[in-house]
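For reference, the structure is listed below as structure tokens.
Per-chain residue numbering starts at 1, and chain names A, B, C and D are given in the order in which the chains are listed.
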Amino acid sequence: LSHKLPWNLFTQIFKMVLITIQLVMFGNRRITFVEYVESNNIAMKHLFLLHWTPDFETMPYPPTTGPYAIYTSNDLVDHINFAMKQFSHTESLTLGPIRFPDGGFDMAKYLYMCVEQCKEGNVLKNGTYSLDQHVIKDCLHLIPERAYNNGSQETETKFDIMAILKKNNKSLVFDRILKIELKFRLKSYRVSVEKAVNEPECYRIDGMVVFDNTNRNGQMAVHLSTSLKEFICGAEFDDVSTNDSDRFGIVLDIFVMILCVVSFSFCIRSFSIAYALFQHTVDEVKDIPKVLNLICSMKFEFVDLWLVLIIINDVLFVTGSIVKICLENKHAESSSENYDICALMLGIGCGLAFMGIIRYVAFFAKYNILTVVLKKAFPDLMKFLVTTTILYLGSLLCGWVVLGPYHIKFRHLSTASECLFSLINGDEMFTTFSATMTDNTVIWYFSRFYMYTFLVLFIYAATNLFIAVILGTYDIIKHLSKHVREILWTKTKIKW
Amino acid sequence: LSHKLPWNLFTQIFKMVLITIQLVMFGNRRITFVEYVESNNIAMKHLFLLHWTPDFETMPYPPTTGPYAIYTSNDLVDHINFAMKQFSHTESLTLGPIRFPDGGFDMAKYLYMCVEQCKEGNVLKNGTYSLDQHVIKDCLHLIPERAYNNGSQETETKFDIMAILKKNNKSLVFDRILKIELKFRLKSYRVSVEKAVNEPECYRIDGMVVFDNTNRNGQMAVHLSTSLKEFICGAEFDDVSTNDSDRFGIVLDIFVMILCVVSFSFCIRSFSIAYALFQHTVDEVKDIPKVLNLICSMKFEFVDLWLVLIIINDVLFVTGSIVKICLENKHAESSSENYDICALMLGIGCGLAFMGIIRYVAFFAKYNILTVVLKKAFPDLMKFLVTTTILYLGSLLCGWVVLGPYHIKFRHLSTASECLFSLINGDEMFTTFSATMTDNTVIWYFSRFYMYTFLVLFIYAATNLFIAVILGTYDIIKHLSKHVREILWTKTKIKW
Amino acid sequence: LSHKLPWNLFTQIFKMVLITIQLVMFGNRRITFVEYVESNNIAMKHLFLLHWTPDFETMPYPPTTGPYAIYTSNDLVDHINFAMKQFSHTESLTLGPIRFPDGGFDMAKYLYMCVEQCKEGNVLKNGTYSLDQHVIKDCLHLIPERAYNNGSQETETKFDIMAILKKNNKSLVFDRILKIELKFRLKSYRVSVEKAVNEPECYRIDGMVVFDNTNRNGQMAVHLSTSLKEFICGAEFDDVSTNDSDRFGIVLDIFVMILCVVSFSFCIRSFSIAYALFQHTVDEVKDIPKVLNLICSMKFEFVDLWLVLIIINDVLFVTGSIVKICLENKHAESSSENYDICALMLGIGCGLAFMGIIRYVAFFAKYNILTVVLKKAFPDLMKFLVTTTILYLGSLLCGWVVLGPYHIKFRHLSTASECLFSLINGDEMFTTFSATMTDNTVIWYFSRFYMYTFLVLFIYAATNLFIAVILGTYDIIKHLSKHVREILWTKTKIKW
Amino acid sequence: LSHKLPWNLFTQIFKMVLITIQLVMFGNRRITFVEYVESNNIAMKHLFLLHWTPDFETMPYPPTTGPYAIYTSNDLVDHINFAMKQFSHTESLTLGPIRFPDGGFDMAKYLYMCVEQCKEGNVLKNGTYSLDQHVIKDCLHLIPERAYNNGSQETETKFDIMAILKKNNKSLVFDRILKIELKFRLKSYRVSVEKAVNEPECYRIDGMVVFDNTNRNGQMAVHLSTSLKEFICGAEFDDVSTNDSDRFGIVLDIFVMILCVVSFSFCIRSFSIAYALFQHTVDEVKDIPKVLNLICSMKFEFVDLWLVLIIINDVLFVTGSIVKICLENKHAESSSENYDICALMLGIGCGLAFMGIIRYVAFFAKYNILTVVLKKAFPDLMKFLVTTTILYLGSLLCGWVVLGPYHIKFRHLSTASECLFSLINGDEMFTTFSATMTDNTVIWYFSRFYMYTFLVLFIYAATNLFIAVILGTYDIIKHLSKHVREILWTKTKIKW
């Protein structure tokens, strides 16, 4: 038995180290790309959105400014005209290597506008409404007019959406508009000069400015979203040496996969040994029903949860690595969703791989107090949490429904829960108190009563009793006679 | 007895589930509406308020900008003129389906201005004041002049408040103005295209721009408030299918009410049984005065507080549901106050309903440690809180009166209390330190001394002793002999 | 003895109630006034400071914008010209009842400018400097020129600081300027229409715009400060009824003072009784030196610290009330400093009065756990704090000197201490991490190492051991035999 | 032995006091200088950067605005032209005593522009790219053209970068630009009028405006960095008295150094005594191998760690003081790096000096609970931390790789770690929740699950068990029999 120990442990440690390196490389590359996409998106916003300022480029919470939105029909026309004009000049304006696709021929230079509006919606003279909610979607390319300007005596391009619509026998009835989308497509390439990525990459940028009026409350939110998709461009790049770090990456991937398979087979073998042991025990005692029942009821004691954990992480990592290799060799579309899946698998795999190491740490009694205590305290904690969760849910629902309309943090059940959880841990208390915006004194007093009560109950009573349950278990384990403790440690230890 | 258990418990659980569904539906609808109203209000601000920017649309704390206010008489005139002009063009400007009421006839297109000013308030030549504090309120419709413009050779509408006032033989003496209100009325309808609300709703928007100078300190705060009231509009809506979720809602309401009544009757029956038991006991022992007294003094032991709680929640929920049905069928005005009352009743009812479930959880000893400990520790906690509260109040008053003028958080007793409570829980400490704005070194040193002392005393001593009292009770309960514990659990359990 | 109890206790409780009412009245009035002054100051800033925006009206921390400052000589001239122009139009611009003093005659309409500059400061051709650091202060009234404008064919007032200086044979050498002050004086009156203050009050507003360039780093900070002083104005106010709440206030003040004197005499009497008791004891045992010494060493046991506390609060309150009455009857100048002193005395007095009540609460053993534990644990806490304080000071100095240049919160010893104290209590941790602005990797790694180490040491070790010392004492007291505990309670109880 | 005690202790205390004074003087001077440099840098930004506003002068986190950047080629040209124009007028614009070096002759008045661009980068007609990544760096002085203006009939300087480049047969291909640097050099002197620094100092300001487009994502970040270097200017300063505080500083430095040397020798002597004692013991027992081994294994018990600590601090302080004297007497370049090294040595030295004092405090048992407990608990804490650290690292890597692209705080491993550490201590919880910006529901749910799990695990279990380990040790020490405790205290005490 003692001979096998090092191999398995060394495999795990070696795996962990390689996994970490692989993950850090993957993460760094990903985040560099995300920062590129984000800056690119911001650049587009500055180019195509009228009155866009850096003030809007902050975190969603705490808000330092209101939303970027339009409130008058004139503004809407101005915004569309501005976007049209700027887009047609993209190539000369932009500071990045951005070009129209197809050399700017065809319709590539023009925005493609789609308008969603209600089929009908008149206000009759007697003041009543007549509305047909059927939504009609109408699209056209915004090809600006060229007109002769008397002043400058030159033919100028006039970026006037109303004129274009008129020419196409269309019109915007501001009352009925639900959504306007301005779609555009650009292409770009990315070469990192300093930190060499694999090799220069070409991207197709699919952008869309959305003027969203679906709520029809007078506030038309404006969003600009871009999505980058890689494509094989017929580019000639001089002086791009094939990248060593790239090759190293693939070698590493393969190595990690081999290690995972090895680790996987180790675990399977352990399982089969455990199963054999179980079968053997059953065979031995099958004539004594009472003992047999006992053994059978202990069936799950033979399953080492740590091994299950390691197996899951191996599976996740092998799958993740395969996805990663595919992504990097462009066999799969390098869209964000694929990367997310890959990141999830690698990330969770890595987290579990680290936890798997704890299994070996647990050999030395004092090293894994945390897991032993948690395992032992788990049933009591769950029981304790029943009452607490009921109280928490009751408070949550009550707070959400009463304070929701007057408190930005209680608007949604999820944010309300996050807010309460944060409050319990002492975060943003004063801000939460002061964010109650109401003139209704009943609501105001309720909010104070609600928050003080909730906080005192949960901060001082609930969390401390929760901790007391954990520490109680810790005390029990600490004061167990040495003999019993050994057994306890052993039971949570690994079975080879 | 064991036969009855499931029925009551099942009733409660079923009730809880239905209540939660009902509440979530109610809350979602409410919050959707509130978001509509809020966005609508913001849209109005952008339309009618000069120089309004999204910067003002943030949370009240921490402030990211000063208040939206006017400081010069020219600005005041500009603001009023701007509001007049914009309002008269509302129909063409707005992006929402907003119209003047009554087809824009009569005075509907004009703002209605009310000015509150002091009756007299002259500054005599010798530099003394002469003031009559009687407040005069003066109202008129702001009907703009039409004048011939020499430049453009057209008749133009001139939005000039001073000219209008002159024509009406009135004037604004900026010195004496206390408050100017610009009232307007608009109508709008709301159709949610994606998430269908019951059916399209028509709203009357009563708006008011208030220029508030009652403090007369040179800063004239400007507010725009709107209130939406539903009215039956003679609208023709095509393609609006009657809403299934709506019908489901009413069925749910009725079901919940029935369940509440059932639960209520269960509780009443339990009470009557308990009372009968009490009477029976009294009858049995009425000849032994000593025992009788004992029994009588235990009178309240026969009242199960959990049942009281469930009864209260049943009453609240039935009332709340009735209010809700009335509101949704427009028998009551769907004003915010009514909705608040309804939300309060349903919200608190739901909170109590969840707590009521704990009564049944309490059957299993380890599940309701929280409530048992709190009930047992309650007297000690209250006793402990006496001293602590006195200290807290003393500190609060002292801090408020000394630091109030120099610290935004200590301006009001309520915010001072919230600030201290937040500080105790470790929130906004540095901000609170740094928000002391004073040149007076005595005050500065006092503020530092005050805060360090208060914090050390309350964070390290008071709260931890509070927790120690709770945990002390927990320890006692944990270490009670099994027999005594059983009794204790039983006593806090339900009596059928 | 039992007869006396109620009187003293009732006196204290009654005193506390009255004191609270008095304090709340005083605080409310004060804070209303402070809000008036603050809004007035903001109004002045909007009137006289060029490009002042509400963005600057936020809290000092966290900063949402940089300081309001000037960076070019053109800007400086523009700012001064703007201030001149606006000030001369104050009466017509302002929305508050603000007037020039003395009816605007004499120099009242003109700003009074004082320039502090170095006596000499030339840059010689060869690139060396010649500097005389003697500071010269030069003042003049800024009387604008009137000039004939060819365009509009009218005589216009030209607000041009350079022309004015030229006319006075003066000049601004931007290189040498240390400070420019623009002083002005206005008058105003304040009548609260809704919440009646005593009676209308007249204020002299002494304002000053300071352009501060003493650091001469190219950034000229601009401040506008105002101070309001009340004066007796010969105003005629109609319809101002004498204020009832005012009279009530004075009656209350007198009542409180009487109560304080009564309470004071009670305490003195208790002291004399205690002293008599001490003397008596000494007399009894004066023949037995050993016992005498023992008694003498217990001398301070005869002094009840609670009584000292009550006496201090009585003295503070009587003095504070007298100051308050003087202030309100205008026998003393109602400057901010006087109000601060008054607030300090009343505030601290009130805080101590509340603590004084604890003395009586302490009769009932379980009610004053807090004070008993703290008193008992005090020596141990102090001993514990010795090491902790040394560690804290060492960390503080180290952090301040190393991180100070790169971290806004570590700029000053006081803010560094506040920052560390806040960090220990879990506030602004991430912000503090991220506020380290340095390109020096050594400093960056040091800052991380420093903060992680400090936090782990203090959050997990120091504060919890501190709490453990307190709770240890609590445990000891809790587990003392009932007899000993009684004695302990008694010792901390009052002696009549 | 008792005779020696005071000397060593007094030396340490005296040293600590002097060190603190020295450090505070050094820190104050440094921070005053840093504030000067910072304000100067901000002034430069206002002078040379187009559209720079105070909004950009805030803390890096939480961001109140986006980055200061350029997005269009027109803007880039405008920015460069603006910088050229403003720089040429620096002397007349600035409010600080800033001058061109060399009297403005030669090229001193012109910006020096360096452009880094790709060698080639064409977009071929067929839409493919041709790129040569070789970076070419090209520099020239921006000497503006002088041109005759027909309108004003005057010769004007035209600040037009495109014209200048054209004249030099160069051009900007916006596509290929990687980085543009505008370098400039100015000189300034600094005289603190109020708080006299040593004597007036002359600085050479090396500034650089960097337009950074290396990522080529369309966003060109703009930075202005300045570095101040002192130089001996041939200035004549009248009225600058030699500074007393300066002399005092040097005397203090020398005194501190002497004290450190004395303290150092004390420590060395203690070591030698300890070593002699060890040798003596070894000699005594060298014939009994078992005891000898025991003694040898206790070798490190003879080394007093406190002494090592004091020795390190002495060495650091002497070195630091020498560096400091050199810096202040200008024997070394007073660059920021040197000051950083000096600050690090003095700062850490001071921190250790304070800790050194604890050695003497430890004589009195109850005074150094903190260090005794920590020393005793150290092995257990380390063992406990093994598991916890593994879990923490696993969570960190997992969170970073999955949430990184969607969460500003998880962008870098260092910030992710700081974020998690802050969360554990209850900071910025709600903000962290709400900063997850993703439309991917899988990621959203993962982020919630991840954060709730991580927080509950670490806040309630890990940190409390960590504390329990510490407090367990404290309990053990507290309950040790008095005799054993004495020994324990003694062992951690100093050996003379």
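General remarks:
Definition applied: a residue touches a chain if its C-beta (ideal position, glycine included) is under 8 Å from a C-beta of that chain, and two chains touch if they have at least 3 such contacts.
The structure displayed is predicted, hence computed values, not measured ones.
Farthest chain from chain A, judged by C-alpha centroids: C. Both chain B and chain C derive from one sequence, and where they touch, under half of the residue numbers involved are common to the two copies.
If you average the CA atoms of chain B and of chain D, the two centres end up 46 Å from each other. One inter-chain figure worth recording: chain A and chain D are separated by 33 Å, centre to centre, where each centre is the mean of the chain's CA atoms. Residues of chain D in contact with at least two other chains: 55, 62, 64, 426-428. Every residue of chain B that touches chain C in the complex is listed here, in rising order: 55, 62-74, 76, 118, 120-121, 123, 125-135, 174-175, 177-178, 213-220, 380, 383-384, 386-388, 390-391, 393-395, 397-402, 404-405, 408, 411-413, 426-431, 433-435, 437, 440, 442-443, 446, 448, 452, 455, 459-462, 464-465, 468-469, 472. Listing the residues of chain A that touch chain D in their complex gives 20, 23-24, 26-27, 30-31, 34-37, 39-40, 42-44, 46-47, 53-62, 64, 92-99, 101-103, 187, 189-194, 200, 202, 233-240, 336-337, 339-340, 343-344, 346-348, 350-355, 357-358, 361, 364, 366-371, 373-374, 409, 414-415, 418-419, 421-422, 425-428, 463, 466-467, 470-471, 474, 478.
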